[in-house]
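Multiple structures are listed underneath, in structure tokens.
In the two complexes below, chain A is the common chain; its partner is chain B in one and chain C in the other.
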Partner chain A sequence: MNIEIKGLRFTYPTGLEALKGINLTIQSGEQVAIVGQNGAGKTTLVRHFNGLLKPTSGSIFIGDWETTQFSVAKLASRVGYVFQNPDDQLFSRDVLSEITFGPRNLGYAKEKVDELVQRALTLTELSDKTETNPYDLSPTWRKMIALASIIAMDTPIVIFDEPTTGQDAVNVARIANVIAELKREGKTVITITHDIDFCAENFERVIALSNGQVLLDGPAREVLGQEEILAQTYVDPPQLTRLGKRLGLKETVTRQEEFLQALK
Partner chain B sequence: MAFINLTNLTYKYPLTETPVLQNINLQINEGEFVAVVGPNGAGKSTLCYTLAGFVPHFFKGELTGSVEVAGASLLESTLDEWVLNVGLAFQNPFNQISGAKYSVFEEIAFGLENIGIPREEIKVRVEEAMVRTGIRELADRSPYSLSGGQQQRVALTSILVMKPKLLVLDEPTSQMDPIGTREVFGVIRKMAEEGMTVVLVEHKVEWIANFADRVVALKGGEILLEGKPNEVLTSELLSENGFGISRYTSAAREAQKRGLWKKKQLPVTLDEAVEGFKS
Partner chain C sequence: MNPNRSFFVPVDSPLHRLNPLTKLTFVFAMILPAFLSVPELAPILAIPVFLAAFIGRVQKPYLNLLLKLILPTITFMFVMQSVFLPGGETILFMLGPFDVTQEAMRSAFFTVTRIFVMVSSFALLLLTTHPSELMSDLTQRGLPGQFAYVIISTLQILPQMQAKAQTIIAAQRSRGLDTESTFLKRAGSLVPLVSPLVFGSLAEVEERAIAIEARGFTSKKTKTSLHEISDTSFDKGLRWILVILILASVALRIWLS
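For the complex of A and B:
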């Protein structure tokens, strides 16, 4: 299920023009990272994918659905959106009902709901916390609950808004696992992130936004090597990319093994 | 005598069995910039709450041992007295923004109004603090209309404007882009050089190594390691215990095994890595 964005512009009621003509196609099954400075329009853009925001002009198609023609509730069957702050999203008394809410609401049969919930619990390692109140858990675990509750909806497109913020190394690895699993299942994963090393290690395509426009778009290695252009939107290349450049390596490297191979 | 003295500090939240902080002994000097690292659940935020007096005065629970800041004892002080010395920026800026103010300017002035600073002085101090943290152009915006990274800057500014002797920061740059992070670290470093003592919880180890004087590694409520940033952050104990480490450190460690890194000391920062790989 492709995402087609044509001439998208968006102005907030305050008069702030956050998106100034975005054209993008995201193919079914792609793993895309969106990067860019605070206020570049990243969150504004992805909130158009599930209809939370409607374009001021231009259009967005999710498969054959134009977002303006469908309610947020309807679009939720195609696009899952994990909020930046889990507290904007969680409302149930216990972890199990939180995660069950989404798939049940989409009207799946009970067996399918149970299966999806179990899979989400296993992937996020929450199986031993089903009876706990989300607000009795740390922000780290609340983030995993927010993630699980969206994955359980089994949507073809999943959006993560800053999934690694405030997460330790173990949890970042857990989130990377979830993304890899969604990829195996053929889902489209779109992630907003400031964690450029995480971006380099987990995404094939990178879109850099700046001031409401697409600054760069392409394979991760190509985009992340453009140090000077990325600087316009306050993005530093990954640590090993910068190191490779400073050492005068010919190829742009983004991951450890590439770096070590290039060093020889 | 040290500016901060934690002696055999152990703390349990109410209705819990396991202490979140266990037998912490730590001295921090005035003007020192100390970074605290650790996996989620290590007790980092609880340590921040303790230094800020919210533990035990607000959260209650059971605290044993002693906590002294600027010569005052936490258990013998009230929260009102304590907060005059200590400013805390929360992990989630949303929890800190008062909700009572319409503009960023008023939000930052809020704390000063509360302690009865004259109007003219408030204006000057708020201006000065906003310029310092680079948010002058946000002065008239509503705090709620800002991005996560911008809100974090506002939260930090509203603490700095109070000129606390001790600044406690719980992941103050978690939602910021790298330029924002660099600027904020620069501001914090400068505050430390001007004599403010800083305790900072942070996952971004490269920045810590570039800016902090000392690193404390917490795990399971206990101090696992403490010392100079490079020594602590390159210790093998950290990777074994689920701490985040710099990509430079992990690449150099692997390179060392393959004979591509000759030095004994591993790098944390870009400059250290460049220097080591060139030699």
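For the complex of A and C:
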């Protein structure tokens, strides 16, 4: 299911123009990372994908649906959105009912809901915690519950807002694993992140936003190599990329294997 | 948007430049005589209060408040008191089955002008004084910090909870929660919205308590302040004049009775 954004502009009621003409197409099954300084418009942009915000001008199509024509509850069947702070959404007494909430809202049959919930639990390694109250678990596990509760909705498009912020290495690996699995299932994954190493290792396409406009857009290696342009939106290329450059490697490298390959 | 969402209007005016305590004294110099002294004083006091809004350059939000909040309230009170206050003899006219007496109307008039003076002068204080400035001035003068904290946090907690509620609503709608359709569906959506709000707010209160304690909130030592609040001799003089006015108005009451 493609996302088609044409001439998107958005002005907040306070008069702040957060998006100043965005044109993008995100193909079905793409893994996209959105980077950029605070206030660049990343969250404002993705909140348009599931209709939480409606464009001031321009249009967004999710497949054949124009977002202005559908309610957020309806769009939730196509676009899942994991918020940054899990505590803004967890309300159930136990993990299982928390994760069941989303798919049940979408009106799937009971068997389908159970199947989706089990799959989400396995993927997020929460299977042994179904009876626990989410608030008795650590913040890292609460993050995984939030992830699971969206994955269980089985939407063709999944958005993560800063999934790795405040997470330890083990949990970052778990989140990367979830994203890889979603990719295998052919889902579109869009992630806002400030974690540029995470971005380099897990995403094929990177979009850099600056001041409400698209600064760079392309394959991760191309975008992350543009040190000077990225600096405009306060993004540093990954350490390996910078090191590779200092060493005078011909190609831009972003991942360990590429770096070692280039050294040979 | 004002991040604190307090009443405060950030403009520069003679009223804004006054020391917060001077303005607080002004508030009491209007309210105390209006309530304690002869009733005829209240309508006279309404005039300086009204004019002060123009001196403070907050006439627009003040008139807005006046029209939307104060006027409807005092109109209602005026009508109710005029109709139902017993003991009047001079009947002016009938309102349905009720007689409206001259005495009741007179009494109602003085009551509403008192209310007007009280609400208006407090409104002016809030419009021209940033709450934290008022509180830091009062704590520097010896008001217990705990007391100031209670007042400030009450002023801040509502806007903060409002912002948090917005995020929670957005998060749950993204999970397919229908907040837009029928009443029954909306009533059912209350739990997913309210419980993160309550848990989150409780956690925030605790975190805030730890944060301010980490900065020596309950320390018994005398604290200095980074933020100096000007207190000119004009302020001091004005406060004395206002205090004398309060005493004089009370004396007038005693002398006349």
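Of note:
Note that in this section the second predicted complex is superposed on the first by the 264 of 264 C-alpha atoms of A that agree within 3 Å, B and C clash if a C-alpha of one lies under 4 Å from a C-alpha of the other, contacts with A are read in each partner's own complex, and residues count from 1 in each chain.
Basically, a residue touches a chain if its C-beta (ideal position, glycine included) is under 8 Å from a C-beta of that chain, and two chains touch if they have at least 3 such contacts.
Quantities reported herein were computed from a predicted structural model and do not represent experimental measurements.
Because the two structures share chain A, they can be overlaid on it, and in that overlay chain B clashes with chain C.
Shared-chain residue A:L24: touches no atom of chain B or chain C. By the document's definition of touching, of the two partners only chain B reaches A:S138; chain C does not. Residue contacts after overlaying the shared chain place A:Y234 against chain B, while chain C stays out of touching range.
Residue contacts after overlaying the shared chain place A:V72 against chain C, while chain B stays out of touching range.
Using the contact criterion defined above for the overlaid structures, shared-chain residue A:Q37 touches chain B, although it does not reach chain C. After overlaying the two complexes on the shared chain, residue contacts for A:L96 are found with neither chain B nor chain C. Judged by the touch definition given at the top, the superposed model places A:A262 against neither chain B nor chain C.
Looking at the shared chain after the overlay, A:R242 reaches chain B, while chain C stays out of its contact range. Taking chain B and chain C in turn and counting the residues of chain A each one touches, the greater count comes from B. By the touch criterion defined above, A:A176 reaches neither chain B nor chain C. Taken together, the two complexes place residues 14, 85, 87 of chain A in contact with chain B and also with chain C. Contacts from chain B toward chain A in the complex involve residues 38-41, 91-92, 94, 145, 147-150, 171, 174-180, 203, 206, 242-248, 250-251, 254-255, 258, 260, 270, 273-274, 277-278. By the touch rule above, chain A contacts chain C in their complex via residues 14, 47, 50, 52, 71-73, 76-77, 79-81, 83, 85, 87-91, 101-102, 105-106, 135, 149-150, 153.
Within the complex, the chain A residues that touch chain B are 14, 36-39, 43, 84-85, 87, 138-140, 162, 165-172, 194, 196-197, 233-236, 238-240, 242-243, 246-247, 256, 259-260, 263-264. Residue ranges of chain C in contact with chain A, taken from their complex: 1, 164, 167-168, 170-180, 191-193, 195-196, 199-200, 203.
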